[in-house]
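Residue numbering begins at 1 within each chain, and the chains themselves are lettered A, B and C in the order written.
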Amino acid sequence: MSPIGVDEWVARSGERHDRGSGPLESLRRLGDRVGWWQRLAVLALVGFLFGHIGANGFQQTVAFNAVIYAILAVGLNIVVGWAGLLDLGYVAFYGIGAYGFALLSSSAFGNLMQQTGGVQLPAYASIPIVLVFAGLVGLAIGLVSLRLGGDYLAIVTLFFGIAFAEVVNNVDPAHLGGPDGITSLNPIQGLGGAIGSTIGYYYLALIVLIALMAGLHLLDASRTGRAWRAVRDDPLAAQVMTIPVNAVKVMAFSFGAIVAALAGAIFAAQQTNVFPTNFQSPVLILIYACLVLGGVGSIAGAVLGGVLVTVVQQMLASPTDAGYLFYGLIILALIIRVRPWRLLGAMLAAIVAFGFAARAIVGAISHSAIAGSTGSVGWIGSALRHYVIVPANPMSYGNVLYVLLICALVGIVRLKGIWRLIATVPTVYFGACCWEARLSVDPAITAQIMIGAILIVMMAVRPEGLLGARRVEII
Amino acid sequence: MQILLQTIVNGLTAGSVYALIALGYTMVYGVLKLLNFAHGDLFMVGAFIGYFAIGWFGGPTALSIPVWVLIVFMFAVASFGVGALGVAIERFAYRPLRNAPRIAPLITALGVSFVLENSVLLLFGGLPRSYDSTAFIPFSLSIHIDSVSIGIIQILTLVLSVLLMVGLLFLVNRTILGKSMRAVASDREAAEMLGIDVNRTISMTFLIGSALAGSAGVMYGLGYANQVSNVIGFLAGLKAFTAAVVGGIGSIPGAMIGGLFIGLCESFSLSYVSSEYGDLMVFGILIAVMLIRPTGLFGQAPLQKV
Amino acid sequence: MAPLLELDKVSLAFGGLRALHELDIHVDEHEIVSVIGPNGAGKTTLFNVITGIYHPGGDIRFDGKSIVGRAPNRITQLGIARTFQSLRLFLNMTVKENVKAATYGSTHATPIESILRLPRARREEREVNARAEDVLGFFGQRLQGYRFDQPAYVLSYANRRRLEIARAMATGARMLLLDEPAAGMNPNETHEITELIGRLRDERGYTILVIEHDMHVVEGISDRVVALDHGEKLTEGTFHEVANHPGVIEAYLGRNPEVLQK
C-alpha cells in the first residue's frame, strides 16, 4: 500500500492557502527563519534605543503607556488566548496591583487602619506582597468560575470588575481615597536610587516586558502551555487525557492576575497616584482591543496590539494627528482594496475631480455654502481649503452629512463590483467634507467614534488579529 | 406595608423595561451565540426617537395631536426605526463574522456601541433631554389602592410589556418564523441545509429584538426616568444583560422572568438598602443565582455529545 | 488471575431512562474484547462510565482498585485511556503537541521549573518528546516528519483517527478503550485498523476494549465479544457464539428468525 500524501509540498498546500500571501505573511515568514531569542533581542534593542533617542517628555509617557498596555495584553493572553477563558474583570487585577502598591507605599494604609504614618514599604517588599495577593484573588475568582461555562463566566467576571471599580470609588474616602484616589506614592527604588522620571519607569517596564515575554514563551512550550491550549480547544477531551482541567483554569486566572497586578504597580509608581477612573470599563475595553487586534494567542501579537492601540489613542487625542490618521486610513483602505494599480490611480483621480467639480457647482449656486473654513489646521487644512465644501454654518450640514455617510457606508457594503467603486468616489469626497466641517471640530467625540469604527473594520477584515492564527472551533 | 407594595409596583415596572431589552439580548444570543453589547445603545436610540417624536408635534406643552395618537406614533416610529438600525448593524458589522472565533464579534459589538453612543453625542450633544411627559400625560390619573399609587404610565408600561412578551412567545412557538429562529439557534448549518433562509431569519431576529429595545426606550423616557441622554444605554444594557443571564441566556421566558427579577431586586435595594450600593447588590444577587444554578433560572446547559 | 478491568453490577440511569443495567463485564490483561450492540444500546455510555465522566451505581475495578467516583484525569493516569466516537482532537494544536499534551499526567514539572529550564523540566521534556515520537512512529510514515508540526485540523479523517489513538497511547495507559475506530473508513483503511489493533496488543501489550459496528473488524480482532442491548448484557463469548445467539440476531435484525433461516 502506498501511503497517500507523502509528498510534503502537496500535503502542506492547504496550510499555505490558509495563510495567504500579504505583506504581513512575508514578515511572518521572515520572522520564522530567525529563532525567537533573536526576535526578542531585536525587540529589546529597539526598545532601549527608543529610550535613548532623546524623545520629549510627552513621547516618553506614550512609550511608557504602550509598554504597560503591552504587559497587560500579554497577561490577558494567558487567560483568554491560551486557556480560552473570557475574563471580563481583568482590569480589576490591574487595579488591585495599583491600589495595593499605593496602599503599601504611602500613608494611605494608615488611613485604612486608622493610624498615622501608614506602612511605607520599599518596592522590593511591597510588590511581591501585592503580586501574591493578586494571585490569591485570581485563584479565588478562578475557583468561583469553575462552576460556570463560557459566556456565564464572562458575566460573573464582568461584574467582579465593575464591583471593584465601584467599591474603590464609593467606599469611604478616608479608606481608599474615593474618587480622588490615593496620592503621593513613594517611587520604586532602583539600583542607583529612586526612579523619579518617566523614562526610568519606561526602562523598568521594558525590562519587565522582555522578561515576561521570554518566560511566557518558555511556559507556552512546556507542559503547562500545552495543557492551557488543550483546555481551550476541548476541555472534556483534555480531562480524559490526564489534564486536571479545573486546576489548569485556576492557574491561568492566577497567572493573568499576577501579570496585571505587576503592570498596575509599575503604573501606580510612575503616576505617583491612583484614581478609580484608571480601572473602569473603558480601560478593560482597551486592553481587550490590544489583544484582539494584535492577535489572540500570540505573545508578539499582544505586544504589537498594545503598542498600536496606545499610539492610535494618542494620535486621536490630538486633532492634527487625528486628521492624519483619518486620511491615512482612507488612503490605506483604498490601496489595500482597490487593485490593480491603474484602477486605484483612476479612482483617486476621480475623487479629486469629483471634489473640485462638486465644490465649483455648489459655489456657483450659493456663495455662503462654501464660505466656511476647514477644521483641520496645518498643511492638510490649507491643501483642502479649496477642495471641500464647508458652509459658513457647518454644524447641521456636518450632522446631516455624517448620517448620510454612515448610510452610504452600509450601502457600499451591499453593492458589488463596478457599482461599489463608483459609489466610493462621492463617499470618500463627502467623508472628507464631513471631517472638515464637523468631525475635526469635536476631536474628543470623533476619537471615540474612530476607535469604534476601527474595531468594527478590523474584526470584519481580520478577525484573528494581526499576528493571530486562524482557528478551527467546534461550537 | 404600603412601602412594600409600592416597591413591588416600581420594581415590576422597571423590570418590564429591563425584560424587553433582555429579550432582544437573549434572542440574538440564541441565534448567533453573540453577546451584543451594543444592544443597550439601541434602547438609547429608541428613547431619543421618542423624544424627537414629541418635538415633531409641537413639544410637550403644545401638542397638535391627541395624546394617545402621539404615544402610538412614538412607539411605532421607535420600534421601526430601531429595528431597521438593528438590521443594518447586523448586516454591516456582524454578518462578516459568522464563522469567526467567538471573541471577534464581542469586540465588534463594543465598537458598534462606541459608534452609536458617540454619534448621538456628536449629533445631539451631551445634555440630557427631558420628555416632560407630565406636561401632556395626566399623571394625576392614577389608581390608588391602599394609598399605593400606580401612575397611568406605569400601567401602560406594564400592560404593553406583557402584550409584547405574549406576542413574542406566540411568534416563537406558533409561527413558521419562530420555528426558523429556534432551528437556527439549535444548529445553524443543519437549518441551512434544510432550506431555512438563515440570513433572513437572523435579520428578522435582529429586527424584532431591536424593535423591542426601541419600545423599551420610549417607555423609559415616558415613565421611568424622564431624562434621556446618550449614556443611558450602558447601565440599562448591563442590567438587562444581567437579567438575560439570570433567566438563562437563550431562553425567552427566562429573559422575561429575569428582567422582572432584576427590576424587583433593584427596587428593593433602593427602598430598603442604601441607594449607593443598589447596583452592587443587584450584582451580588446575580453572582448568588449563578452559583446556585450556573446556567440561569431557565437556561439549558449546552448539550455535549460525548 | 484477576481481570484487569472488572465491572460489577454497574447501572446508570438518566432520569427514567435506564442507560446501563447491572452490567457484569470483565477484561483480562492483554485481551481484546469487542462490545457490540445496536445504536442506543449503551456502548458509549459504558465507556463514559469507565472513564469517569458519569458516576454509576455498582463498582468498577481496575487492577483491583475501585475507580468509581474518581475524576476522569485520575482514572486515565491510573491506566485507562480512550478515543472518542466523534473525534475530539485538539484541532488547533500540532500533531506532536496533541500527543505531548496527553503526557501531562506523567510529568510533574511546575511552571517555575519550566520557565527556568531546571533539570527536571528539561529531562521531562526530552522524555515527553521521545515518547511522542515513539507513539507516532507506531503508525508508520503517516504521522512522521513534516506532519509533527502541522495543526491537527489539516489531517485527513483516517489520520485524525490514528492521531486519536496515538494520543491515547501517549498517556502511558495499559488499557485502551477504542470507540468505533473504523467508523467512516473505506475497506482498505478498515483492514489497516484491524491490523493496527492487533499490533497494539502484540507489540505493545495493551489490553483493549473496542466498540465496533463493522463485523469484519470484530471478527478479525476479538478474543471475546460482549453484546449489549438496552443497557443490558445480552451475551458474551467468541465471535461465532455471539453472532449466532438468537437474542443478538433479534436485536440487530428484528424478530422472525425463520425468515433468516430461509
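Criterion: a contact is a pair of C-beta atoms (placed from the backbone, for glycine too) under 8 Å apart; a residue touches a chain by one contact, two chains touch by 3 or more.
Keep in mind that this is a model prediction, so the values were computed, not measured.
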Nearest-to-centre chain - CA centroid comparison: A
Most remote chain, CA-based centroid, reference being chain A: C
Chain A and chain C, separation of their C-alpha mean positions in angstrom: 45
Whole-Å separation of chain centres (CA-atom averages), chain B against chain C: 49
Centre-to-centre distance between chain B and chain A (centres being mean Cα positions), rounded to whole Å: 30
Residues of chain A engaged with two or more neighbouring chains: 236, 471
Sites on chain B at which at least two other chains make contact: 306
Shared-contact residues (touching 2 or more other chains) in chain C: 53, 84
Complex contact set, residues of chain C against chain A: 51, 53, 71-73, 76-77, 81-82, 84, 88-93, 97, 100-107, 109, 111, 114-115, 117, 121, 124-125, 128, 140-142, 145-147, 150-151, 153-154, 156, 167-168, 171, 188, 192
Complex contact set, residues of chain B against chain A: 29, 33, 35, 88, 91-93, 96-97, 100-108, 110-115, 117-119, 121-123, 238, 241-242, 245, 249, 276-277, 279-280, 283, 286-287, 290-291, 294-296, 301-302, 304, 306
Chain A - residues contacting chain C, complex: 1, 3, 5-6, 8, 11-12, 14-15, 215, 218-219, 222-224, 226-227, 229-230, 232-234, 236-245, 251, 255, 469, 471-472, 474
Of chain A, residues touching chain B in the complex: 80, 86, 144, 147-149, 151-152, 154-156, 159, 162-163, 166-167, 170, 236, 285, 288-289, 292-293, 296, 399, 402-403, 406, 409-410, 413-414, 438-439, 442, 445-446, 448-449, 451-456, 458-460, 463-464, 471, 473, 475
